[in-house]
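Naming follows writing order (A, B, C and D), and every chain is counted from residue 1.
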């Protein structure tokens, strides 16, 4: 058994483990945020496991599909799901290396998420329902605006570490304990706003509403039911968790495991959960303290984050 | 009998016979045969020259050197072409009862007569005979212009004749002054006016008188060549004259007049140094190209369009000579050759289109001729592509030779302007020809139905000419190249 | 094999020439014309491909003589350098499927009387392009260039009954000739200084210097920019490409524009000596401008072929900005970086050619099946033309630069070049790189939006017109080329390393470039010059993706429950095509957000018959402003025409005026002479 | 003596040209042309005698026969046949025309001063007159609307050329001389024929109306 094969198997195992882990935890994150929002509004909020109940119910339901739709409609959610799952293997979570970091770095990650979006938006057009088209149109537009901002933000922090590969990047950050720089704050703010936009949260989108004039993501998936819908919901949850992880990797890598020693891994897990929870709180606060923006105010938000990211680059390298 | 003389006598006889009248097949035969024979004799004369001989007659009053030989051969060629096309052309008109016996006599008489005058120009060594021969072409073309005897043809003929005679008066004055500049040195008698004599005594010529003479001669022969600003008769004449005659003017007269200009240029160069006449030629040439440009853009008649193209090409040749570089001179003569090969195709196909629609005005022809007369239209498009100097056809090579010499020579700015004008000219032609040939066929309401295109002597000639024009771009027969080189030698190193 | 390679180029050209003549001879037999022309095209392309591949493999160029032109004492020679070989490979890779597709397509789309002309023009165009790529001197280059231009113009005018295509052909001719004029001037200036017209001499890099060098650069930049369709020289492209028969449009968009890119490479970037920073800036800014505006315009088109044409402008912009990054790097002496950028640009040439021809051919099938080019009249074609739909979808994914397909690797490399450019160039100019990168990201995201729209509206949901509901799948001979190209998209998308490996030799052959060994990372994937900086192995990601698919299947597909088909909720009413989301509506948000670019004008009139409160019908008309046409070209044209009109008075028919000209000339000359004494 | 004769007759030619400019009646203009040609003949003969260049006598004879008799007769006949006697209003009125002609004369003389053949002033004057005559002739062609007048103007130019020929050259070779004379006749004949056809068609000799061919 050659070492190459061993490495391969190891990577595959790690990938499975990480993907599984994130898949398992993603629904929880959504519910936690819901619950915290509810609490801030003095409501009881759903039980913590609500996310799992929903998915289980959806998966058990009978699949209903539009008689207009073609196979694209079926393929969409699966591609979306697969892209999200595959993306999870590119990001270091508890251990300072991504399982498939040899597959690619930031650019591939962004590409993977774009792939998922493309698949879902295309599928949304397949039912002929005006909502699908509306959602697809709005989602693609916002994404188109968000992508450059996100990339610039990522570049800003990646160039600091001199690598576009998340594994390498995190390791450099941890090992050299890079001294923090005001630019990081700007970059963080920039990316955070994009994450808000990309995960369809207030003030860009409202995951809770089904009011046709305002909804974006929900409009896209309005026609989906049963297992198909489950895949979409689950994948979006994973995507959100992924973004949070990305943020903590780039700006707060403290505590991430650098060795496979159980203790280190344990610390890593705890640290990661903690940091994600903090981010969740931040998101909750943003969601509860802001009103949803009109669609055509979103570009302003995005341009702000673009400006922040560019500023970050500028002040760091000039 | 002297080969050179017979070269001149044959077309004269043909003209005489053609002018007399007689059954048409016979006339066709004589014209075709006579002009074919003429061409053959031209080739023979050129051959004689290439073999080292200097064909001459009347004690060097007629003399064939490299330049003459080239112009002679080209003249014989277009003479033959226009004769052959002319037969088909006249027949097509007769089929529609447009031809009176007078017209027939004029036609069969004047075409060969014109060829004779044209050839005489190209071989005359005495400036006096040169002048007379040019005058003959003028008189011949007047009647060819009035051939269709319409109001406009009279107008065109009048303008042509008045401008032409004025030009000839200038040319005569120029000749006289040049002769005067050499009083004493040139001597007396027949030989006195001979170009060869001038070249011998060039250093002794009286500079100012000569300069004055050269200026007048350039204006005079420039009028015949159609250099701006003496070009104004050209569009009218080309529109009115029947296409076979137009070809004789557009190639024969142009080459002939250029021949005269070159002779004058050489004398002045030998005596005053080249800059003087080069400057004049370059200026007039550039002016011609620039003048032609806007009129192509706004043109309303296909034959006038081609008239402006010929103004442009004369300008190009003048520029080539005026740039004062051996390469440019070679380019100019190459241009003359390729132009003589390509222009007939354009004029003939345009002429056929005009004939089919019984008018040469764009609004009369309508558009979409491609669907109506595919072969002719295709030939016309091909010809336009060639005469606008697009690669990979002949005129491109000559033009780029001139341009190249120009950029590396003393006048890069003038060359740049020239190049820009060429581009605009192409666009103009593309626009006009596109409108004529493409689009849904639209029959002009107020005209009799256009004729269908038929395969006859005329079309056969055009196709053959087109084939020659295309092939010549890639392969010029060695003797022809030798002639061009010899001509270049004459013009560049004055010998 | 070597024998073939030695004579390959003349052989291929000879085949094309013969077929042109033969086609014109066979004018009366359309079917024969079709087979002769397309068969010859395929054969010639195969030969060319053999030569090109050999040269890329051996990285040593093949030279030879096409023919000796006695008249102008010039020898037209060819020289297949690795660079030419790269473009030749692209050409033949596209020419074969295009020809194959055409065998089926022309039979339906071209009127028999025109078959000869179209066939001949097609071969002339491709042959001319081949000459352009292999020419070793100015004369040969210009000959090829012009033959290509004229043939293309003829093809654009195939449907010359329609005013639009006549206009397009004319616009194309004029723009090209202005470009050609610039090239001619540039070449002749170089030639006059160097005293030769062979590329080996005049493109050696140290012929001219100083301001003259920049002037020549400007001439070439415009000349080639026109062909490459860079904004603002692009106006002909969106008119001409849609007007031609679809398979020809495919070739034009995929390969013909690369003639301009080739020129920019050969002359502007590597022919005039070490590039100037300002040149690089010109490249990067115009490239970015073309990319962003191209995709923005594409996004709002409702004519599928125009949409694709605009996206061609976008991609040619991406190639240009890659090259610009390379020049910037060379200007700062960063050779490895320049190599990465050049590789990115060249790789995009190949990739774009593949997916763009795929998309155009797919669009061609759709247009043939529905008889319209208007996206709003398609819809629901996925069910009627499943294979075409599948191939088109793959093309759409590829052109959106998504991983697993071949659009991704070249954009990835471009990003690498831009980011490293940022880290490895000094001074303020470096900020140019992340800006470009951000705009490139915006471009590819918008492209994704654009092609979600193009594919979704055309192929999905209900048919939007009777024509669409009666569409039929196109014959196999047209599907096979599509399949071939789609497969290439996937293969090159998964294994870009091999393309990069082939590019190694090409880049090495260019002056001042050193391909770093690290670039072919693992053979499967790619890596930027410094492995630690970034690398990518799409195939590994592909495995992960497949894993994800399996996972999703495991989650959903375990129980054999019958899927229930239900009608889409039509908001209470019955779902009709009219209630579907339209393409116009889809692009509306972008239109409003980038209103500054589009300057849209919209007009809504409510037609009420009885009283204004009972509106009978509402007419909505919206158009975006053609900025460049309106503010740059139309005034120019008007000026020229007015000038020409003004000159009329010179030839107003008065003999007296004519005589006056002569008199004036005579007097002037006489006074001048009097002065000289 | 001879010099005076030469200069006087040359001057006379110039004067006749000026009179032509001022003149509107066609017959008078034709007669003026005849007179001008006669003076030219005188110049030629004087030259022939003084410099004993006898071939110039031939020129003189030709001139007299052709230009003072034949051509005027032919033109008058044409005018008779057409029956139009007066010139229509020219483009420029007489005073302005005369002023311009003065300018042209100055130009002609200025150029002729280039012949620094110091000893004989004659040549200088002859050339000066000839060039002025040439320019004035052209000016007439430009301003006059009648076909006949244009022909006359053209012939004036022709005269100027011959004046130069006899004045400064040792005479052209005879053959050429004859050829040229012959051509002049032909030209005039053709012009005359055209004029008649034009008049026959347009009922007018006003060639300024011939302006249908534009662009």
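Going forward, a contact is a pair of C-beta atoms (placed from the backbone, for glycine too) under 8 Å apart; a residue touches a chain by one contact, two chains touch by 3 or more.
Just so we're clear, the structure is a prediction, and the values are computed from it rather than from any experiment.
Distance from chain C peaks, on a Cα-centroid basis, for D. When chain pairs are compared by their number of contacting C-beta pairs, A-C comes first. Distance from the chain C centre to the chain D centre is 69 Å, each centre being the mean of its Cα atoms. Each chain gets one centre point, the mean of its Cα atoms, and the points for chain A and chain B are 80 Å apart. Between the CA-based centres of chain A and chain D the separation comes to 101 Å, rounded to the whole angstrom. Inter-chain spacing, taken between the CA centroids of chain B and chain D, is 31 Å.
Shared interface positions of chain C, defined as residues touching 2 or more other chains, are 648, 651, 655, 659, 662, 666, 670, 673, 677. Across the assembly, chain D contributes 111, 114, 138, 141, 207, 210-213, 215 as residues in contact with two or more other chains. Shown for chain A are the residues that touch two or more other chains, of which there are none. Going by the touch rule set out above, the chain pairs that meet are A-C, B-C, B-D, C-D. Taken together, the chain C residues at the contact with chain D in this complex read 648, 651-656, 659-660, 662-663, 666-667, 670-671, 673-674, 677. Residues of chain A touching chain C in their complex: 15-16, 19, 23, 59, 62-73, 77-79, 81-86, 89-90, 100, 102-108, 111-112, 114-115, 117-118, 121-122, 124-130, 132-134, 136-138, 140-141, 143-149, 151-152, 155, 158-159, 162-165, 168, 223, 227-228, 230-231, 295-296, 299, 306, 310, 313-314, 317-318.
Chain contact summary for the complex, chain B toward chain C: residues 158-159, 162-163, 166-167, 170, 208, 211-212, 215-216, 219, 223, 229-230, 232-233, 235, 291, 293-295, 297-298, 334, 338, 368, 370, 374, 385, 390-392, 394, 396-398, 400-401, 403-404, 407-408, 412, 416, 419-420, 422-424, 426-427, 430-431, 434, 438-440, 473-476, 478, 481. Contact residues on chain C toward chain A in their complex (touch as defined above): 380, 382-383, 386, 389, 393, 397, 400-404, 408, 412, 415-416, 419, 422-423, 428, 430-431, 434-435, 437-439, 441-442, 444-446, 448-449, 452-453, 455-457, 459-462, 525, 528, 532-538, 540-541, 544-549, 551-553, 555-556, 561-571, 575, 577, 579-582, 585-590, 592-593.
Residues 67, 69-72, 74, 113, 139, 142-143, 145-147, 150, 157, 160-161, 163, 166, 169-170, 173-174, 177-178, 180-181, 184-185, 188-189, 191-193, 195, 197, 640-641, 643-645, 647-648, 650-651, 655, 657-659, 661-662, 664-666, 669-670, 673, 676-677 of chain C are the ones that touch chain B when the two sit in their complex.
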